[in-house]
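Paired with subunit B in one complex and with subunit C in the other, subunit A is shared by the two complexes that follow.
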Partner chain A sequence: MGWIEFILVLVVLTNLKLLASSRLGASIRVVARQGLILGALPLLAHQDALSLQHVALAAGSGVIKGGVFPWLLFRAVREAELTREVEPYVGYLTSLLAGVGALGAAFWMGTRLPVPVEVVSRWLVPVAMFSILSGLFLIISRKRALNQVLGFLVLENGVFTFGAGVLVETPQLVEVGVLLDVFVGVFVMGIIIFHINREFDHIDTDQLSALKD
Partner chain B sequence: MNLLSLIPPVLALILSPLLLGVINRVKARFAGRRGPPLLQVYYDLAKLLRKGAVYSRTTTWVFRAGPVVGLAAVLTALCLMPLGGVPALWKFPGDFILLTGLLGLMRFAMVGAALDTGSSFEGMGASREVWISALAEPALLVALATLARQAQELSLTRICAALSEQHWLHTGPVLALVVVALGLVLLAENARIPVDDPNTHLELTMIHEVMVLDHGGPDFAFILYGAALKLWLFAALVTGMVIPAGSLSPWPNLVAGLGGVFLVAIGVGVVESVMARLRLLIVPQLLVGAGALAATAFLLGLK
Partner chain C sequence: MILALLIIPALAGLLAFGLPTPKARRALLLITAAIHAGLTLACWRIAPQPILRGWLALDEAGLWFLSITSLLFLAVAVYAAGYLASESNPRSTDLEEGFLFDNVPAAVFVGCLLLFLTAMTLVTVSQHFGLQWVAIEATTLASAPLVYFHRHPRSLEATWKYLLICSVGLALALLANFFLAMAAAGNGPNSHSLMLSELVARAGELQPAWLRAAFILFLVGYGTKMGLAPLHTWLPDAHSEAPSMVSALLSGALLNCAFLGIVRAQQICVAAGCDAFAGDLLVALGLLSLGVATIFIVGQADYKRMLAYSSVEHMGLLALGTGLGGIGVLGAMLHAANHSLTKGLLFLTAGNILTRFKTKSAAHVSGLRQVAPVTGVLWLTGFLAITGLPPFGIFLSKLTILRAMFNGGHWWIATGTLLCLTLIFVGMARVVLNMTLGEPPPTTASSSPPEQPWEIGPPLVLAVIVLLLGLAIPGPLNTLLTQMTTTLGGGR
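Right after this comes the complex of A and B.
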């Protein structure tokens, strides 16, 4: 029971907190914290000597997910003049219960998905799966575009967990590429949110889908 | 059964009102007051027992049975609870399910008595009590199931004996999640502050207190004493899993267990001092959260 397990438990708890959280600002901060915590995973999961690449990846993902993303998202909140409530389709309690169900499903999938390479922890695959599932759930169960960005970030964190823990030997270039994609994604979404808001006075995707012409 | 097993229930019978005194003293210290004497609950109990009881003509035997059945249920539950490595008076595989059942029986008796009065306030309190316990009970059961799974044992005594430092070293996060879940259940079941305020005097905000408005004299003493014993029961449960029984001889273990129980009381006092009571709409989130933590611990604990 080392630091990796500790990090993975924290990731599970932050996901559950996100599912139950009713405040936008708190959700952004939780996602930032999750990104920071996960930044330490490549440092702990490596098997050979600590190389500059690991440190660079950890530092890069930490800075982008823990610093740049919250800044961009808070800026979007300010410019779109959003209220502080999350506005879900699915209530917080139901979301939390769905999260517990997803955790169970993730553990079941973890047993059904044998990974050919050595995994750093037996909790790693289930936790990565759980992050992906709860990210998807956050995307479909929240009304506003900003929460969907947060769900997307959680989903990406799941992919990152999987990559950092299972594919220890993957080229770090792939990780950096994914990180860059996500960065551009969040950047573009921030701008889009601002523009949607200026055009329609809200970023409620529920009403967006009913637009005609 | 050996004579040593008599010690935990006897200690609980003698010392449990002191727990409430400790909580009140901690709250008073936080507020900068001197607070009531530590033995205040004993004085209250003595005063109530000397009084006679008054019964409304609209009530039936259900009302009179409530306090007695409640106290009997919690006394029986107490015999199942080990303390600090000393085995419980009564142990068999699966006894933790009987424990939750007895707590349910205690609640049922109280709720029945409250409904029997026909008072609308008491009906409201009964409804809230049942609502909250319906959310807290799954959390408690899943937490206990996780402990049983971790310890690979099925009776409370053996679970508490089997949980050792090794478990904390190897599956620390699992046990920590269970402790947090059990702590939240403790606060909810004992009507402490984030869920219910024991000091409130407005019927509309009361949950547990409002159900016992019509009880007086010895009946109310039974209810008060039963509540103290229930708090002791939960404190002993949390202590039993946090403090590893280890290989010490019984007496130091017993002292450690006692210290743990009073530390839990101090912790409850601190929580009550630094937190406001949650809005009633938020309470289910807290308790379902406790259930989610327990379920997470259960899943993480699967081999």
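Right after this comes the complex of A and C.
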């Protein structure tokens, strides 16, 4: 088992931890760590032909996901004076069981879509799929706007795992653009959360229900 | 030329954040919109050279959607300039619930409008799938502050839904890009390239399983942003809570950008020979969108939401036309233009109604003809145009899409579509006629301000264009449409 497998196992474990976690602060830290760990993935995938751009991109992604995002989110928690409970719609144990189910589904999907090129690890596709499914589940099953942002980040990390690990040649321009979009996206979400808190004195999205047919 | 199309609005947008005087900002908005429209018009005469190793180029579909966006933006810019000039009071009273709220600072509003234009322009000129994704995501980010122009809880709720649902959709579309790269992988050097032209040229070598998975994700991802049912849930909220000129842009320009993303993916599927698979999916989502829109339009009490659901309906028609292929593609492209301009007309008119009656509830609006005569006529005209009555453009494009159904022998699809269209006509007629005719409420009749030129000018121009498009399609437009249909693989 090489370094890449080690990273991928860590990603699976962080996802499971998130699904079972009842603490908001812990969840933010787990997502930050996951982002930081994944920053190393492009470096390991490009071991043979490592260029300065790859290093810069890995460093940029690590700093943004491991440093800037948790700082932004912790600030939102402080300003909003949130209690530290996650407040899920779905219980923690059920979430965890759903996660295990998703892991199985992800590995099944991995067998259905065989990768036509040499990849660094056979586990890449299933683990990426698992992150995507976990992210979607977290967005649907959590009440708080902040937790939905965390779910979105996990989803994005899954897509990133696939992109960074499987594709050896992604144009730098696109990678930078993707990183920038995600950064601005979370930034805007942070601002909106701040406003939601100011208007409603909480950030539970189940209270956002004035608009419907 | 392409560079100028991108850089001018981008710089103007950044400049708008810093300009201190409202007058200068409004002038900047108008001038930039005019320059953008002028450059777009110039692209019709002289085809611009591709730049950045072909990453940025203007093909037929790109030019088509760029022109729609640019024209609509110009109309909206004129309206917005007048609106901002009249709305000098920083605190406004909520029109429905009567509490006070702030607006987003005008500098941010104008800046975001221009950046939104930049992002949409980038979508139309991108020839690289990755770059196109970046641009479509940028349109979401630039327009989110616009939806939240009126800072009150309802628009906040709408903005949050818009941002989160579209972000999730676009994350899936990013995965679709990676899947597409995977489908192209293993074909020798540079096979990871996501250039549209290369993918089309070598479509036969693509791995079918990955290509199909990629198309499904594209459809889900960009379909969310385009407002195809069942992924449309953000759309009615964002369209009804955004200021009317922003709704016009969202409905007329933004949805088209996402549609272009799907069209590009479909183009590859056609070239790779799995157009039947892609077409069936598009037809299924299109029919579902039509059905959902019908259910929510009939009996809709809020006239802005009614227009929003009408957008879902027309996006469904676009998906149907594209999915059927052949002449359906031509119909869909023509329909995209007709719908954008008509919906722009309707949303701007809805803005006029909202400022006079101070309610979005259709039941509380009556006697529009007496309160604001021109607006009343425009509202009625827009209704006749959007439901596809002759001699307006939508009649022609709807007929073309229906003809594609009959040509292909899809009788059930045609019956379902006609049934939905009829029900929508009846549902909208009830609302619109009740609003236009009758006696106005006494308070509104006495206090209503006269109609300003900026309020009626832009929608009037849009109405004239939609009417002309229904009477005759000019030669250059016709040539472009035919070429586009061939390129987009209308051979099914």
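The working rule: the second predicted complex is superposed on the first by the 207 of 213 C-alpha atoms of A that agree within 3 Å, B and C clash if a C-alpha of one lies under 4 Å from a C-alpha of the other, contacts with A are read in each partner's own complex, and residues count from 1 in each chain.
Going forward, contacts are C-beta pairs under 8 Å (C-beta built on N, C-alpha and C of every residue); 3 or more make two chains touch, one makes a residue touch a chain.
These numbers come from a predicted model, not from an experiment.
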Next item on the list: Considering only touches as defined above, state whether A:L96 meets subunit B (first), subunit C (second), both or neither.
Entry: first
Notebook entry, point to check: Does subunit B (first) or subunit C (second) touch A:Q53, or do both, or does neither?
Noted result: neither
Notebook entry, point to check: If you stack the two complexes on chain A, which partner ends up touching A:V12: first (subunit B), second (subunit C), both, or neither?
Noted result: first
Check: On subunit A, which partner's contacts cover more residues, subunit B's or subunit C's?
Finding: C
Check: Which of the two partners, first being subunit B and second being subunit C, lies in contact with A:S121: first, second, both, or neither?
Finding: neither
Note to self: In the overlaid three-chain picture, which partner chain does A:F107 touch, first (subunit B) or second (subunit C), both, or neither?
What the structure shows: first
Check: Touching A:A20 in the superposition: subunit B (first), subunit C (second), both, neither?
Finding: first
Checklist line | Footprint overlap on subunit A, where subunit B in one structure and subunit C in the other make contact | finding: none
Checklist line | subunit A contact footprint on subunit C (complex, rising order) | finding: 55, 128, 130-131, 133-134, 137-138, 140-141, 144-145, 148, 151-154, 156-161, 163-164, 167-168, 171-172, 174-175, 178, 181-182, 185-186, 190, 192, 194, 207, 209-210, 213, 236-237, 240-241, 296, 300, 305
Margin query: With touch defined as at the start, can you tell me which subunit A residues reach subunit B in the complex?
Written below: 1, 5-6, 9, 12-13, 16, 20, 92-93, 96-97, 99-100, 103-104, 107, 123, 126
Check: Can you list the subunit A residues touching subunit C in their complex?
Finding: 112-117, 132, 135-136, 139, 145, 148, 152, 155-156, 158-159, 162-163, 166-171, 173-174, 177-178, 180-181, 184-185, 188-189, 192, 195-196, 199-200, 205, 208-211, 213
Item checked: Complex contacts: residues of subunit B adjacent to subunit A -> 169-173, 177, 284-285, 288-289, 291-293, 295-296, 299-300, 302
